[in-house]
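By written order: A, B, C, D, E and F. Residues from 1 in each chain.
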Amino acid sequence: VNPDPIPDPPDSAHFDRQGRARMVDVGGKPATERVATAVAIVELRPEIRARLLAGDLPKGEGLAVARIAGIQAAKETSRLIPLCHPLALSSVAVDFAPEGEDRIRVEATARCIGPTGVEMEAMTAAAIAALTLYDMTKSLQRGVRIRSLELIEKRGGRSGDWSAR
Amino acid sequence: VNPDPIPDPPDSAHFDRQGRARMVDVGGKPATERVATAVAIVELRPEIRARLLAGDLPKGEGLAVARIAGIQAAKETSRLIPLCHPLALSSVAVDFAPEGEDRIRVEATARCIGPTGVEMEAMTAAAIAALTLYDMTKSLQRGVRIRSLELIEKRGGRSGDWSAR
Amino acid sequence: VNPDPIPDPPDSAHFDRQGRARMVDVGGKPATERVATAVAIVELRPEIRARLLAGDLPKGEGLAVARIAGIQAAKETSRLIPLCHPLALSSVAVDFAPEGEDRIRVEATARCIGPTGVEMEAMTAAAIAALTLYDMTKSLQRGVRIRSLELIEKRGGRSGDWSAR
Amino acid sequence: VNPDPIPDPPDSAHFDRQGRARMVDVGGKPATERVATAVAIVELRPEIRARLLAGDLPKGEGLAVARIAGIQAAKETSRLIPLCHPLALSSVAVDFAPEGEDRIRVEATARCIGPTGVEMEAMTAAAIAALTLYDMTKSLQRGVRIRSLELIEKRGGRSGDWSAR
Amino acid sequence: VNPDPIPDPPDSAHFDRQGRARMVDVGGKPATERVATAVAIVELRPEIRARLLAGDLPKGEGLAVARIAGIQAAKETSRLIPLCHPLALSSVAVDFAPEGEDRIRVEATARCIGPTGVEMEAMTAAAIAALTLYDMTKSLQRGVRIRSLELIEKRGGRSGDWSAR
Amino acid sequence: VNPDPIPDPPDSAHFDRQGRARMVDVGGKPATERVATAVAIVELRPEIRARLLAGDLPKGEGLAVARIAGIQAAKETSRLIPLCHPLALSSVAVDFAPEGEDRIRVEATARCIGPTGVEMEAMTAAAIAALTLYDMTKSLQRGVRIRSLELIEKRGGRSGDWSAR
């Protein structure tokens, strides 16, 4: 038994019947409130992390730079991910917290009122904020790693709410 | 003993002595050839992966879309990562391979001849190509995960060659 | 008799009474469904066309690259055509078909629900997809030509439906 | 006899041996001066053309808007045409002239000193300038047509000079 | 007595309670008509100004270039000002008038129907139009100065109408 | 006597002999080091300024957001100011200092090694950083004003060094 069969590509799929990439038509879908949260985990040496979080790296601006980068990236999502729709985001938030001894958790939440979800916006914000942390620490430590990037929650839309928490 | 002490932020760091974010001056550095390769691992159910790779998803265009997205993102790096320099990339390549039963390996290589490295360009290309795969499969499987994103090789520049392979 | 007199620039024209360029006010117009289709014809040697269409050029990715380029360009229209309004496109599709012995027909359709039409979005998508085909074949044939670019259909909006088919 | 056999894709082609799209490596090519000129022909009713050219449409700004659009588009080429390299353009010029009774000729010339040509930059500038003329006249005449878009001259680079004039 | 106490940051502020930058949530706000007008004053030598305004500089295109630059910049506001929301602008107008002996007044008006105001769009349009005038005259006069940039009127939204005129 | 006659537009002017806007050809100019510094003065109530500078507004991130906005804007200059050339900036720095009782001084310095100056990059960075301060304080005070924006120093290039200090 396969408890979770693969559906045929529904009308929200990115390809038409001949297999050609297209931007799906969301014109008939109602505008509802959508929220999505994604998390990226950045792994870096405890001392580097300490400097970044405590602001001994420079005045805490490290996190501010990454936060702004994530927010800006959310607004660029439809230009980065080819088949995404342009969206009028109603808010984006990006936050950081230490996890374990050597990880920083980057959490990004995007919201809009629209016909399509903001999953990719949250994922993109988390990815770019994490890459910015990488960029700011790469002269101090080689091999900083983004250890995972995933959606953890999604609300609104036809497919209903979902949470990995 | 700490075999790998944290250096003081060198002139290539992103902050000045007062801790303010700035774009580092690379004006005095010679233009040399730079290469960097980054890898992202995307984890998705074997059946979905099979469809994506074999082109049973639509005609293999799935990988083409992600490849183009990664290439384009590499060119956008300095607009996405706030303290990166604009670069005249001389090439970008993005490729995909299956790994294990349920993973796709996204490998991105960027090159330029310039005063600063292309590490962030390779990382950004891999990240956005992986996010595009996510976007194209998310209607078929919830919880697709980008399992890691890291640099695996870097050549050129003052700090010398480096490889995690 | 002039069966088709030039109207005075209506309120939808791009210039104010003093002749200065401006972005027309569409604030009072209702949001309705808009569709537009544009076609570009690319002329290239039969053998080159054969390779492009049959995928003997490389695996059909040539068309995929051009399709993505067209879709992405549609989303950029208001940044490329100075007096266009930003639009929340609900879909974009770009397709290719052989015509005669030496032509490829590029057809782009854009849709939105909004106060203004998507004519320029369809035209821009067709133009950039055609230019991408040009770019991908220019090392094989000099003098590839885009032979025409025109609107063929338009639905929705105050001025009613129109078709050149 | 085939007087003009199709060459195998040279190293300047956009696909690697496996047929995957990539941005070609231009890192080993010397920087030389490159110039390219492209022409687009816009066909519109004589009265509309007269108003546009004579400035009876509004003060000649119509042409200025299209000229600026073309220049700006040339600078965006590597973001619009997926496999183009970012280039430091040294100049762009866009000009307009009447042709016959009902055509406007849009001529765009791009220059750079670099390892790769500016053919796509000239083509893109001509295309977007022509689309802007279309946009500015579309409320006055339906069915304005861009009748052709082609390269007419190219200088510099390994493949030598070429002219269609 | 302090007749105008500083309010606590309301829900429209850009920072959350912990002081982190975020894009404010406008999802619950109704879409209403918004208008804002900003003015920049550019100060330049009377002879230079005369050439610019009279079109003895080249054919008046100087003002057209600056006008287009301002209009385009208004559409880019959310990408330039990090915490601004993307907006579907319904119109933008930029105009110029002489003031006193050596000043040009740049006036920019932006409109939209949306949940948030267009103050930053008007300010950005005025700023970039003024910078473009600066750019076009800087080879003729050193030390051209933008003497002020401010909002002069704002209508719509919860906080009511406001005018500095 | 006119001690400072207006020169005829030199080859570095933005218009050709017929008065049409164009992007000047810098192809024949050598690449030399260029530096430019611009200053914007923002005027706001002492209490608001105190909160912004002391970080009682939120944790000093206000200045970090404006700094990043200015740095990012410098990299966008050639897309915002229509006749500017794309440049490979080698560094950008943006800083803030109180002046008098109610002003903040925004100072932006741009550098590159190239054939053309970075004056517009410094001006654009200062303008957008100042607008970001405006954006972050506008919910606390109406009528924040950017009181001036001007170049204060410029080094490198044919026209020699210049300083307004």
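By our rule, a residue touches a chain if its C-beta (ideal position, glycine included) is under 8 Å from a C-beta of that chain, and two chains touch if they have at least 3 such contacts.
In this text the structure is predicted, and so the values were computed from the model without any measurement.
**Student:** Equivalent interface to C-E, which of A-E, B-C or D-E, with over half of contact pairs matching by residue number?
**Tutor:** A-E
**Student:** Please tell me whether D-E or A-B has the greater number of C-beta pairs in contact.
**Tutor:** When A-B is set beside D-E, the one with more contacts is A-B.
**Student:** With centres defined as the mean C-alpha position, give me the chain D-chain F separation in Å.
**Tutor:** Whole-Å distance between the two chain centres: 32.
**Student:** Averaging only over C-alpha atoms, locate the centres of chain A and chain D and give their separation in whole Å.
**Tutor:** 37
**Student:** Spell out, as numbers or ranges, the residues of chain C touching 2 or more other chains.
**Tutor:** Touching at least two other chains: 16, 20-21, 59, 61, 64-65, 67-69, 72, 76, 82-83, 86-88.
**Student:** Name, in rising order, each residue of chain B that touches chain A in their complex.
**Tutor:** 6-7, 9-10, 12-16, 18-21, 45, 47-48, 51, 55, 57-59, 61-62, 64-65, 68-69, 72-73, 76, 80-84, 119-120, 123-124, 127-128, 130-132, 134-136, 138-151, 162, 164
**Student:** Touching chain E in the complex: which residues of chain D?
**Tutor:** Residue list for chain D touching chain E: 59-61, 64-65, 67-69, 72.
**Student:** Which part of chain D faces chain B closely enough to touch in the complex?
**Tutor:** Contacts found on chain D: 16, 20-27, 78-79, 82-83, 85-88, 114-115.
**Student:** Quick one: which bits of chain B touch chain D in the complex? Just the residue numbers, please.
**Tutor:** Answer in residue numbers: 33, 64, 67-68, 71-72, 74-76, 86-95, 111-113.
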